[in-house]
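The letters A, B, C and D name the chains in turn, as written, and every chain counts its residues from 1.
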Amino acid sequence: MKEYLVLRVITKLLLPFILLFGLYVQFHGDFGPGGGFQAGVIFAAAFILYSMVFGVHAAQAILPEGILRAGIAGGVLLYASVGVLDLMLGANYLDYSPMAAHAKEGQHLGIFLVELGVGITVASVMMTVFFTFAAWRED
Amino acid sequence: MLSSHLPVLVIIIPLICAPLCILFRGKDQAFGIALLATWASFACACLITARVMTEGQISYELGGWPPPIGIEIRIDALNALILLIVSGIGSVVAPYSRNSLLLEYVEDRSSMFYSAFLLCLCGLMGVAVTGDAFNLFVFLEISSLSSYVLIALGFDRRALTASYQYLIMGTIGATFIVISIGLLYQATGTLNMADIAKRLPEHGYDRTVISAFAFMVIGAGLKIAIFPLHQWLPNAYTYAPSTVTAFLAATATKVSVYILLRFLFTVFGVHFSFEILPTAAPLLILAILAMFIPSIVACFQKNVKRVFAYSSVAQIGYMILGISFVSVTGLTAGILHLFNHALMKGALFLVLGCIFYRIGSCHIDRMAGIARRMPWTMAAFVGASLSLIGIPMTAGFISKWYLILAAYEKGWWYVTVLIVVSSLIAVIYVWRVIESAYFREPPDDLATVSEAPLSLLVPTWILVIGNVYFGIDTSLPVGLAELAAKSLMGVN
Amino acid sequence: MVEVIDIIILSLMAATVIAMVVIRNLMAVVALGGIYSLLAASIFVTLDAVDVAFTEAAVGAGISTVLFIATLALTTRIEKKPAHKPILPLFVVIVTGAVLIYGSLDMARFGDPNAAAITHVAPYYLENTKKDTGIPNVVTAVLASYRGYDTLGEVTVIFTAGIGVILLLGSWRRGLTPPSPHREDDA
Amino acid sequence: MEDFFGLYNYWIVIFLAMAGLYIVIARGNLIKKLVGLNVFQASVFILYISFGKVTGGTAPILVKGVEMYSNPLPHVLILTAIVVGVATTALGLALVVRIRKEYGTIEEEDIHSQDESM
């Protein structure tokens, strides 16, 4: 698809806004609709768009396999270890209250971290799945 | 301090170790992590069981939110027994997987295999301990998705179609379960299983609840592979890698039976499930059909793995039979058979894995005379088969004995006859294998075949010895099964 | 008003799904699937489930459709004509639907504020989320805190799918090395 | 008549779900089955969400001055279920790609006849 100049230019123009929107959805999920899952999908969509226009190899140059794999595992680990941290602080698993001075702030912090974990894993998995499909050749 | 968190630790240890396996990409590291995680889970399960037996039911509030606001883990004797089965079989199969993988699986992605294995373990145990209906679905899907992957890793290309078929049937089953949970939620306004059970009688058993009941039975039935909803099972078990077959055959259907038990007896309640609705009679008929038709089909199979896959469908019939008695003895028998069947099918499929490891096939004719080359492997096969048939001094005998007791209690002598006759069919299909392995001349190309390596033999024999041990000292499984049966029936 | 919009969208969905049954061009079917998801998302908006609508639009109409198209590119685009009359499936579907409709007869009516689902657990979340977590989006609070364990399971499911796809289709950087099929001599 | 208006929403959704289920079990094309599965699940999701609707309520994002909110719990459950659904789809499609490579077809019948003839 390399010869479509309009597509290439518009994609490049759009990308930062899509990514920005992804970040907004990720960090604004407490107040409006959205959260880690939706943000992860939007984030992934940006790179999927990029790889559709510029080729999978170009996208892989930005996000190598190793980073994506670390992301897949890292998000789950982040989520699960927030719970382990709570255990160490003497609370039940995934009880975020003791993570800050006040229970309410602890909850807020916990939700923030957990949503971040969701976002990382979802984005990495979606990109990996798409790249895997896109790179598959019948031989 | 940690001991109060055991109910959640048993789940999150494999859950955390699954991503760790990927981060440490080396094959040995991944194997080490998987092994430690399964053993740690098993240790937790043992401690939990000990606590349940002394203190009774354990409840754990996740996130510190009291149910039904938050999700609760709730463990009684039945949950503890299922937990023991899953984690126990997992800890035996995990070391076994290391060597059998060499032949059956591409090495460079073995860390992911272990990760998927841990996820399957985590999902199955998560289903077994949760007290929340929707959470049960989530963990059921973790175990299902990972088992689709594990099955598809089989050598034969038919593993792919088997996995696809299981994915379709399994997802339909899971969606039916979701529909049922949704209907229950709309009727009672809660997702906590104990809370649903409390609120259902107040709500009344209206048409919504009856519909929810139907969807739950069919959905769970698809996952259990109750005859005639078993079509996905034979192919899945036949073409999956040996390790996977052994693990899934011993655990996955058991957990699904647990779901059925939990919903029929605890959530919907005995009164509604069996007194208002005539559930027992159809279950009895299906159970008896399952005891015979798949057994007969098994007698005509050439692939030994397939023989025992059909045999699994038949054995599920015995568990359903136990349920259909709707008595403490019957349930004890059914639950006991869950435990014992895990031991015997686990052992049998591990034996077949040993054979596949050496000759690359489980075809009955290729196994001709193999007992001379692999005496220990075949001895294990004989031991596990005796348990499958139900010879005294083996675990299989105990559960059949309780089934017969339950039938006697009801005065259903014809059921007793049917149990004995169906066991005789098992003799036929087992004998075909033994005849081939012991009494036929080995072909020339078998001359180089030697005994399976110790790393495969030891786990296999642990399960075989388990079959004998639990046939003699029955206090643990019978004690737990009786406790579970009594609490399910609401008798103290 | 909402009811009218609802019934219009639902009718459109019914038309979409009938077209999906009939049409055998898979690309068209997949596109219709995307439209179906988009319509579902608008239904979710009318039912006040904005978070769900967002997700359904992003996933059902977005990612799923992209994956389907990627698969079509690797496989084939035309479905074969069904060989025989699907009597058994039709029977199964009619019975299942009948059981569901039977169950719906005793359900609380649509939008009923006195339904058990509205009055039992849900009010706790609406009343206490602000006090407990300080977050105005109740869905986020329930998702990440009250039912955080469910969401941990959900992330694990996605994780499972990720490693499953890698296991099945191989690593995309090094080219593909799927396990070569080895036929057993049995049938 | 009132019954009809209180339940029509459920009935159309039930029709949609059953149409999806029909595609899954009646069709032999592996991709079409998965599309059907998606339709089936999405329709069940709508059923869930309609359980949470309160007439006159608004989206459960707390705002000063609003008293009536729809029930947030089904929304949370369905968010989870959508994720599970897309995970299943991704895996199913990966299987389809592999099956196509090994068998050269994605029609159930052809796969069947190939396995039979072996």
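Heads up, the rule we're going with is that a residue touches a chain if its C-beta (ideal position, glycine included) is under 8 Å from a C-beta of that chain, and two chains touch if they have at least 3 such contacts.
Keep in mind that this is a model prediction, so the values were computed, not measured.
**Q** By that same contact rule, can you tell me which chains touch subunit A and subunit D alike?
**A** B, C
**Q** Which chains share more C-beta contacts than any other pair?
**A** C-D
**Q** Roughly how far is subunit B from subunit D, centre to centre by C-alpha average, rounded to an integer in Å?
**A** 28
**Q** Can you give the whole-Å distance between the Cα centres of subunit C and subunit D?
**A** Once rounded, the distance between the two centres reads 4 Å.
**Q** Per the centroid of Cα atoms for each chain, what is the distance between subunit A and subunit B, given in Å?
**A** Subunit A and subunit B have C-alpha centres separated by 36 Å.
**Q** Tell me, which residues of subunit A touch at least two other chains?
**A** 31-33, 37, 72-73, 76, 80, 83, 93-94, 96, 122, 129, 132-133, 136, 138
**Q** Could you list which residues of subunit B touch at least two other chains?
**A** Only 15, 18-19, 22, 62-63, 65, 134, 138, 141, 145, 148-149, 152, 157, 179, 185-186, 191 qualify.
**Q** Among the residues of subunit C, pick out those that touch two or more other chains and give their numbers.
**A** In subunit C, 50-51, 55, 59, 63, 67, 70-71, 74, 100, 104-105, 107-108, 115, 117-118, 121-122, 125, 136-137, 139, 143, 145, 147-154, 156-161, 163-166, 168-171, 178, 181, 183, 187 touch at least two other chains.
**Q** For the complex, give me every residue of subunit A touching subunit C.
**A** 29-35, 37-38, 41-42, 44-45, 48, 56, 60, 64-65, 72-73, 75-76, 79-80, 83, 93-94, 96, 103-105, 107-108, 110-111, 114-115, 117-118, 121-122, 124-126, 128-139
**Q** Write out the stretch or stretches of subunit B touching subunit C in their complex.
**A** 15, 18-19, 22, 62-63, 65, 68-71, 105-106, 108-109, 112-113, 115-116, 119, 122-123, 126, 132, 134-135, 138-139, 141-142, 145-146, 148-149, 152-153, 155-157, 179, 183, 185-191, 199, 203, 206-212, 214-215, 302-303, 360-363, 366
**Q** Which part of subunit D faces subunit A closely enough to touch in the complex?
**A** Those in contact with subunit A are residues 59, 61, 79, 83, 90, 93-94, 97, 100-101.
**Q** Could you pull out which subunit A residues touch subunit B in their complex?
**A** 69-70, 72-74, 76-77, 80-81, 83-84, 87, 90-97
**Q** Can you list the residues on subunit B that touch subunit A in the complex?
**A** Residues of subunit B touching subunit A: 1-2, 5, 8, 12, 15-16, 18-20, 22-23, 60-65.
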